[in-house]
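Look for subunit A in each of the two complexes below; its partner is subunit B in the first and subunit C in the second.
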Partner chain A sequence: MPNLGIDVLFKGKNFLRLLGGLWAAVRISLISVAISIALGLVMGMLMTSQNKILKAVFRVYLEVVRIMPQLVLLFIVYFGTTRVFGWDLSAEYAAIIVFSFWGVAEMGDLVRGALISIPKIQYESAQALGMTGLQIYLYVILPQTIRRLIPLSINLITRMIKTTSLVMMIGIVEVLKVAQQIIEANRRTSPNAAFGVFAVVFLLYFIVCWPISRLAAYLERRWS
Partner chain B sequence: MDWDAIISYLPRYKDALLLTVKIGWLGILLAFIIGVLCAAVIHQKIPVLRQITGFYIELFRNTPLLVQLFFLYFALPKVGVRVSPQFCGSLGLGLLGGAYMAETFRSGLENIAPIQSESAQSLGMSKMQAFRYVILPQAVSSSVPGLLANVIFLLKETSVFSTISLMDLMFTAKDLIGMYAKTIECLTLLVVFYLIMLLPVSILGSLVERRLRHAEFGN
Partner chain C sequence: MEQVLLEINHIQKAYGTHVVIDDFSLAVNKGEVVVIIGPSGCGKSTLLRCINALEDIQGGEILLNGEEVLKEAKNISKMRQKIGMVFQSYDLFPHKTILENIVLAPIKVQKRTRPEAEKEAVELLTKVGLADRKDAYPRQLSGGQKQRAAIVRALIMHPKILLLDEITAALDPEMVREVLEVVLSLAKAGSTMLIVTHEMAFAKAIADRVLFFEHGKIVEESSHPKEFFTHPVTERARAFLKTFDYETEQNS
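And now, the complex of A and B:
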């Protein structure tokens, strides 16, 4: 049995560093998810409006997000906008901007889907009872849509965490970058470290995302 | 905009696009095959194989492609499995996509109520006939939009190929920016070339979705 380099992880603070790297990625995704949910709710409500211009704008926005790889958006924001506007944008902010831009579109579409799945008669009945537009949303529509949305938003968290692995490409030191550093630093003493370390990174992502997606699946089954 | 620079970059972007498309479609083909096999295993409830398939699907759906590629490309050679970057890209994409495709096929098959198969058989169709003329058309029509969404998703995921030293669009853009510092031109080309690759699939997706709605029975 050749040395697969798992032991490298237990030298010094290596494993803690790896977890720190994972946290860097997870933190960016949690911040982006929070922004996405907040703005996505607003956007989803706006998307159900009948205004033609608003509809067209959202349609284009959604298509852009659907078609462009997140990595391209990251490059545009991190390398492109800094060049055009000359501002100083940290990689982490660039990542949060891009993932929120993506998440708001995704979330908005989910909210829109949930809203239009509520039968029209509910709006009409609420109106017949004399409720205002805002009241109808707050007391009738939102409570029903939120239940539908919770599993979908939890799913968005796992997708966000998986996608934030891309941030290493704009120079953020996250788990893969830390893994590379550990492997490089131990190249002489443990030439096979790449196997052990990358296998552990693989498993770490699984351990983080799997329970979250199971939870989403469970809630979806329970509440549907 | 420096148009001369853009024109001089075009051939490199074209090569990168062709490479991405080649690896991408090989990967998607592989994903399709893996997906069908996995969905069949789960649908037929084959013991043991079913658990393994389930584990595979969960493992690859819950990890990023970037990490999977790093494992395939940097870790496997340490245990003696050495593969070319191109093969690695297709294999990684195929394994990731297979897990997603399997879910899509499975839900397509599950959407068809068992009563349909039973009714068809009570009308005198054989099991094969019932599957061929009743179940399959409905399963296909309900999973095609999902499949096309998966294809778009997978083509987008190819953007990480540059990390395993494949000269794809991202690699080309980054390389040219590094050499000539014409950031805007390079990024514009990057967007245009991704549009060339993805827009047709996206349009096809919405067309097919509209057409296939007619193929549903009952509901």
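And now, the complex of A and C:
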């Protein structure tokens, strides 16, 4: 069996450092996902409104997010805006801003899609029972929307977690960056470490994302 | 002197330039069952939807116990609680069990306590033969069961009047009867109802008054349903009723 170079992970605190890097990535994703879900719900509801100006603004926003590579957004926010506006923005905040900017747009669009897929008769039968607009949203429309959203938003969340690997480009030491550092440091003694270490990184991403997709599958089964 | 419960005065409903209801007036007394029949697309359902302000009207007024039903009014939620409505398509909330469907509005809208609402829900479900299905989800029920549950959901609000919009039109034939029997028992108990239906035998059995409706207007009105169904006065009503009658067709 060839040397996979996994042994470098057991040297010193290497594995702990890798986990620390993973936590950095997960922390950024968790915060961004939480913001995306909260604001995405609001945005999705606003997107279904009849206001033409509001609709046009959201359309442009969504298109910008879809067209622009996340990496370019990261560079603009971290390197660009800090220069132009002279504010002191940490790399982690910049990452959270960019990922939320992306997540809110996509989540908003998913929410909008789920909302308009709820039949009109659901609103009307709730209205006929004397419910107010807010009550209809809270007790009838949102619970159904959220059920429809779960599989779609899980996809988005896992994509966001995966894409956090980009944040090393603005200097955040996350799991992939730590992996690179470990590999570089052990280049002489374990030239095969690239395989073993990146394989472990792959496994770590899997361990993070897999439970989320299992949870989605479970919820889908329970609610279908 | 009979007490007028629902008063519709000269209402006008149009989608753009297309007039759906044209200067329609009707007074429904307390305890009366009024059945509206007519060809598809004649505005019957739209009329019911106007009465609880799911549709706005372009003219005229709708009064329930003398109080105006107005779509944009502040008291519209209060007014709608007094007007029960059951729709053609099963309109239960799919994410809630039958019991939860029924107690949602009493608890959230009328601020009744859960035990009290559930107690009444179970009583009503027992009456329509669904007590054992209270914890099922709508998707686990047949069309007829769903429609009976929808009737209970409207009844628990204690509406002054019940609007039934072709409630059996989407049902398999053998389920029509179980639903209509519930409605018949409501009529016997003195409920005020405004019913749109294509079930002529049912209309004949339940109606205190029949309206034949076409192009947004009443073509024929009769307080003697038996008489109306056997000897309609207008040519149009005669032609319409004939389409439901296969025997005479063959014999003639």
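Couple of notes before you dig in:
To be clear about the criterion, the second predicted complex is superposed on the first by the 210 of 224 C-alpha atoms of A that agree within 3 Å, B and C clash if a C-alpha of one lies under 4 Å from a C-alpha of the other, contacts with A are read in each partner's own complex, and residues count from 1 in each chain.
By our rule, a contact is a pair of C-beta atoms (placed from the backbone, for glycine too) under 8 Å apart; a residue touches a chain by one contact, two chains touch by 3 or more.
These figures come from a predicted structure and were not determined experimentally.
When both complexes are overlaid on subunit A, subunit B and subunit C end up sitting side by side without clashing.
Look at A:Q122: by the touch rule set out above, it reaches subunit C but stays clear of subunit B. Applying the stated contact rule after C-alpha superposition, one finds that A:R147 touches subunit C and leaves subunit B untouched. In the superposed model, the angle subtended at the C-alpha centre of subunit A by the C-alpha centres of subunit B and subunit C comes to 100 degrees, rounded to the nearest 10.
Of the two partner chains placed by superposition, A:K55 touches none, neither subunit B nor subunit C. Within the superposed three-chain arrangement, the count of touched residues of subunit A is higher for B, of the candidates subunit B and subunit C. In the superposition on chain A, A:S213 makes contact with subunit B only, not with subunit C.
Legend: residue contacts after superposition of the two complexes on their common chain; A:Y205 is shown touching subunit B, with no touch to subunit C. After overlaying the two complexes on the shared chain, residue contacts for A:F195 are found with subunit B alone; subunit C is out of touch. By the touch criterion stated above, A:R27 is placed in contact with neither subunit B nor subunit C. Of all Cα pairs spanning subunit B and subunit C in the superposition, the closest are 20 Å apart. No residue of subunit A lies in contact with both subunit B in one complex and subunit C in the other. The touching residues of subunit B, counted against subunit A in their complex, run 58-59, 61-64, 66-68, 70-71, 74-79, 152, 156-160, 162-163, 170, 173-174, 177, 183-184, 187, 190-191, 194-195, 198-199, 202. For subunit C in complex with subunit A, the residues that touch the partner chain are 49, 52, 54, 77-81, 83-85, 87, 89, 91-95, 104-105, 108-110, 150, 153-154, 157. Against subunit B, in their complex, subunit A makes its touches with residues 2, 4-5, 63, 66-72, 75-76, 79-80, 83-84, 158, 162-163, 165-166, 168-169, 176, 179, 183, 191-192, 194-195, 197-199, 201-202, 205-206, 209-210, 213.
Those residues of subunit A that touch subunit C in the shared complex are 119, 121-122, 124-132, 135, 139-140, 143-144, 147, 223.
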